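Heads up, the thing below is written out as structure tokens.
The letters A, B, C and D name the chains in turn, as written, and every chain counts its residues from 1.
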Amino acid sequence: MNINFNEAELAFRDEVRSFLSSELPQDIAAKVKGGKHLSKEDHQRWQQILSRKGWYATHWPVEYGGVEWSAVQKHIFDEETAAFGAPRTIPFGVNMVAPVIIKFGTEEQKQHYLPRILSGEDWWCQGYSEPGAGSDLASLKTRAVRQGDHYIVNGQKTWTTLGQHANWIFCLVRTDTQAKPQSGISFLLIDMQTPGITVRPIITLDGEHEVNEVFFEDVKVPVENLVGEENKGWTYAKYLLTYERTGLAGIGASKAALDRLKEIAGKEVKNGKPLLQDPAFASRVAQVEIDLMAAEITNLRIIAAVEGGGVPGAESSMLKVKGTEIRQTITDLMRRAIGPYAQPFPEAEMELDYEGEYLSSDYAAPLAPHYFNMRKLSIFGGSNEIQKNIVAKMILEL
Amino acid sequence: MDFKLNEEQQMLQETAARLVRGEYDFEKRERFRQSDAGFSEAFWQQLSELGLTTVPFDEAHGGFGGGAVELQLIMTELGRGLCLEPYLQSIVFGGGLINQAGNDEQKNDLLPQIAAGTLKVAPALLEPQSRYNLHDVVTKAESDGDGYRLSGRKAVVIGGHCADKLIVSARTSGEQRSHDGISLFVIDGNASGLQRITYETIDGLKGCDLILDSVSVPASALLGPVGQAHAAIDYQAGRAIAAICAEAVGAMEESVNLTLEYLKARKQFGVPIGKFQVLQHRMVDMASELEQARSMAVLAASVADAEPGNRRDSILAAAKNVIGRAGQYISEQSVQLHGGIGMTWEYSGAHYAKRLVMINHQLGDDDHHLEAFVALMKTS
Amino acid sequence: MNINFNEAELAFRDEVRSFLSSELPQDIAAKVKGGKHLSKEDHQRWQQILSRKGWYATHWPVEYGGVEWSAVQKHIFDEETAAFGAPRTIPFGVNMVAPVIIKFGTEEQKQHYLPRILSGEDWWCQGYSEPGAGSDLASLKTRAVRQGDHYIVNGQKTWTTLGQHANWIFCLVRTDTQAKPQSGISFLLIDMQTPGITVRPIITLDGEHEVNEVFFEDVKVPVENLVGEENKGWTYAKYLLTYERTGLAGIGASKAALDRLKEIAGKEVKNGKPLLQDPAFASRVAQVEIDLMAAEITNLRIIAAVEGGGVPGAESSMLKVKGTEIRQTITDLMRRAIGPYAQPFPEAEMELDYEGEYLSSDYAAPLAPHYFNMRKLSIFGGSNEIQKNIVAKMILEL
Amino acid sequence: MDFKLNEEQQMLQETAARLVRGEYDFEKRERFRQSDAGFSEAFWQQLSELGLTTVPFDEAHGGFGGGAVELQLIMTELGRGLCLEPYLQSIVFGGGLINQAGNDEQKNDLLPQIAAGTLKVAPALLEPQSRYNLHDVVTKAESDGDGYRLSGRKAVVIGGHCADKLIVSARTSGEQRSHDGISLFVIDGNASGLQRITYETIDGLKGCDLILDSVSVPASALLGPVGQAHAAIDYQAGRAIAAICAEAVGAMEESVNLTLEYLKARKQFGVPIGKFQVLQHRMVDMASELEQARSMAVLAASVADAEPGNRRDSILAAAKNVIGRAGQYISEQSVQLHGGIGMTWEYSGAHYAKRLVMINHQLGDDDHHLEAFVALMKTS
């Protein structure tokens, strides 16, 4: 047992670090660290840098343009990109639809879609949730009716993250209304330019436009856009659910956020001294740092188990809950750190190109909105209550 | 011991409740918020016409002669409506400062106008370095002939954007965090050298930072004895704390109700989600925090007009601590139990969630007041 | 609205205080405050003092020897007795079986039992819980079969508090096995001296003998010991459940415990200073003091509502949860306060008549056992989970 | 990065596990507890026969040459069995002090006996006023001819009741809480002037306070350089912390398992109580705290033998903080989920609950270690 990185792992970390030092655009890193808005172009610019290096599709087999990294290497890559302030990878194309296509798609689908994901030509979004089906996906209602060579799709999807940037959407649709709820669902790839699709922004409580509603009205989708077999979509969705589980806890992001918190609390002043020297505030920071330390080791233990051939199971659910609680605590402390200045909402300061004077400091403006935004962590991607249900059932067998 | 309202109080509560119910739904609030003033002048006028702006003032100043309990009733209804008007700043806190510290001339001049709603004032007491500490003051007021010249910056003056007059604390002597040497000045909103940096707040209010660049004021602008303003600031901040606690309770009640309704209406896995025991118990915890908050709002109101001293200070610190924690808990859980919908701008519940957390950033958060409570606690 | 006590209430409080100052035996108060063992005789001695004053049966109508106190007066009495260190009233006779007898009993039963409760001649215990029926009383199995003028009782009760002192037990027994679970239950008064009854101590994790198992083997109980109608016992038990609800939160006891905590933390030393001056510990004490302050007002609000003719409903359940959490937090802090000395378990120091040297201080020995003992608060009398179920159903209508 | 045990470690773990499983059920533990020694001499001998007592010592001293990971494996199994033997005190902490601070003669004399289990030692470092602060020492050691004379009181010496020798810290110079001036002495259990006040602990262990009334010891009793013992005490306390963390994890695993089994077996309202969602989620929270604790026990073991310094100190403080909190949470919830039965002496679960809370009172509780972590945290 040696829980430190071995030499090969350390060498890989150095390689990642030197790549990030030289290739990660400074302007993008500054925005990420400052919690500022990222444009579609920022994301694409960084994606193309990664693609050129061959480090974009870290979860794909090599034959399709992926890299053969161990779980530990993936972990190191995630940690370091977070620490350097790289934009998070938007997962819908590269980490969600692609694995499904690779596993269940036709050769034509692979040939067509995968290169376009690698190149950044396609921006994918996810069409799972519906107004009446959040955690309970089995009750979804969007219908796809076969008519000759097409499906005719009608219905509505919601919480579609960054759907405003997307030109493709992968959807779970109901193709059999007679079957049991989970059996009549299919997995469909839909071009967002198809007539009948409308994207409507959802503005969240922090004033952000990050999620959308997507409406389908008699949308014609070629049958060749079906992935795998009709009515087997639930199986593919479940595959994806286990597939995307490592990294759910966001340990790397939390570590970066904790550093930021300490930086801020070192600059903020209380009674003439840095807030970070206030015993009560320092204790709260220390407690979350300790909890994060433990969660990081738990994450490494899960990764090591995957490395050893295991499949990350419901342990990830447990860690997802803990990880999101930690992240939310950090955002709570950041908001608290700036005291009365948590109230002002100078939206301009959050923009890409803000060059004016800052109301109080260059870091204050995004902190309260960010705190509210991060409430989503315990809701989306399977709420923490659902995660606990999973653990109770799968691990504890209750 | 009697928690019942008397007839007059019941009428006052009903008046406030009816007005808010009638004039302040969420869509209207969004319109008011987006207006230049950031609130409804018409609603402000109705508050005045119904006498609600006169409540805390003496009859001699055109007031109703009410106390903290009467303010509590009004603030709770304003909280329930997420009302945007600067009642707390102008009527409770600003008016209170003038009433306590002002001389007869100032009171006779200003209070009737404030009570009538025709003059709005806002206390400008915080500074960029002060956090919630009201005696951490570096803004300077230097003698200048018959008057004073003020320079410095005042931070996060909620309601300051629309105030006709600002009540500014400035140091006339003493060290940065000394209780002695702080003075109050009533300054015209359009005084030369006074700049307002106006902004919205994340919870939909408006406010400003004030930049004072050698602002000259006459001696008559001084509110109360020179260098001795701390007592009035501290006492009136206590009254404002009691009032904002009541506002928070109104917002919490609405937030809890919205969440409860949602649990009953929203179905998942074929049943209302309120059938899931974990969500039921969470809802019970929210209701329980609300009860604690209600109790502390009542207790705070019962001491807000009392003699200054340890007991009053302790209770007010305790109240704001409980309200801060309960507000954040209810806010976070209301969002969590709603799921995605609870995070959308177009849903009123999200705005209650924001207001409840932000109330913790006004007049001191739960950490600040826990520390204050400890300082007052007998530890030996 | 005036939430302070009015003059009459203040005068009553003074009367109570002066009574307690002169009549409460000092040796008993010292034991209560020090968390030492109380003997049966201690309880009885204090009960008889109260009885002589006419202040024992505070929940009874005057005609049976009770006092006509308002809810506020009862509250004041509870607060003051707790503050002075009077033993808590053992409720099973005076506050549990007596109200049922008064409400549903025959004239003979009233004449026979009530005076014996007042005088202290009878010590009652409660026979509700069974090994298979804790929170789920409806599933109880102890059988009573009518044979002529007697019931023959067989079965087992458990968690019988202070049953070792009792000469009478009131039981819920099943008299109809065919009926729905709640409909076949009767309320029976049983003389503990009857042949066939065995009391077996249950030692709790703190080493205390406070609760017992009671076994019934062919126990003959005269039919006149039935209260009310056969098979209506569930109704009477429910009546009692609403009846005994004020004071469940133990606010007075928590206030006394908080004073004790502050006293102890003022004496304990950390790095040469009183522990109560340690910012972190002081904050924890302050936080529970604040929570208790709020709970006290909530309690007063409920009391005022009762005063105004209301019935304390599920609000009491909510307050019971909060009140027990507060009390448990206080006992946690007391245990923490004494640091390493929480470990030694010098049982002799907890005895009535200990006159030896104390290992560390005269207050340390009972604190850790007390902490463990107080875990019961969230379990017995309807676990906190059950209380929340009640609130969810009754108040929130979920 | 590799969390797997090597073959030797697996065998060690299996040996310890098999021994505890075979020799230590709850009824036996109760018998051992009630014996005069308060533990099983036979079991102690088996630990020795199987070489488990030799694990941390060098081969030169009759040891196995194992490190913190090996100790972790053994301590976890001892924790799982709630074992009462003074392994932590004699083998880990006491032996460690001698190994680090002792001269060759002392090591050659004492370590082989300790490793063989034939000599038991116990560190006596705390004092009535010290709480968990190991450098708060007022017990005095004064030069007395060739040797020293010790007077004072050492507090809560777990395992001290049966120790053949006690390793006592005493002040040879310096102020009460100075790091400098603390010396260690190896004192015979039957030294004249040494009195042991023996007691059981609430969780079933035994220990004593030591009263030293002019206890004379020769110069050879001094362990390490005079006045410089703090470093060794601090370092070895760290090793003991890593070991007790592992013990706690064993006890937590058992406590969680017992509770889970109970939830599946116990029926109420006609179904196993484990079907109630609130209890399911509580159980998940317990399992989740256990995972955090496991992780920190692993991390603590990985640094326990490392160079002294900030990183080691921080991690060990963090580990004990997590274990303290997780242990209390699991203890309290296991009692709560069991209901009444969880509070009875005759149920093994209650004793796990007590041990878990009391581990927080050994070697510093979560508050103590949070404070220690803050002191080590870069705050500017």
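Keep in mind that, in the parts below, a residue touches a chain if its C-beta (ideal position, glycine included) is under 8 Å from a C-beta of that chain, and two chains touch if they have at least 3 such contacts.
What you see is a predicted model; the values in this text were computed from it and never measured.
Common neighbours of chain A and chain D under the contact rule above are B, C. The chain with its CA mean position farthest from that of chain C is A.
Compared on C-beta pairs in contact, B-D and C-D come out with C-D as the pair having more. Rounded to whole angstrom units, the spacing between the C-alpha centres of chain B and chain D is 53. With each centre defined as the average position of its C-alpha atoms, the distance from chain C to chain D rounds to 39 Å. Each chain gets a centre from the mean of its Cα atoms; for chain B and chain C, those two points are 43 Å apart. Within chain A, the positions touching two or more other chains are listed as 279-280, 283, 385, 388. Annotation for chain B: residues 276-278, 281, 370-371 touch two or more other chains.
Of all residues in chain C, only 129, 132, 134-136, 139, 158-159, 202-207, 211, 268-272, 280-281, 332, 335-336, 339-346, 359-360, 368-369, 371-372, 375-376, 378-380, 383-385, 388 touch chain D in the complex they form. Chain contact summary for the complex, chain B toward chain D: residues 276-278, 281. Interface residues of chain D facing chain A in the complex, by the touch rule stated above, are 1-6, 9, 69, 260, 263-264, 274-275, 277, 280-281, 283-285, 287-288, 291-296, 298-299, 302, 315, 318, 321-322, 370-371, 373-374, 377-380. In the complex of the two chains, the chain B residues touching chain A come out as 126, 128-129, 131-133, 136, 155-156, 158, 176-177, 197, 199-203, 205, 207, 209, 267-270, 276, 278-279, 328, 332, 335-336, 339-340, 342-346, 350-351, 353-354, 357-358, 361-362, 365, 367, 370-371.
Touching chain A in their complex are the following residues of chain C: 279-280, 283.
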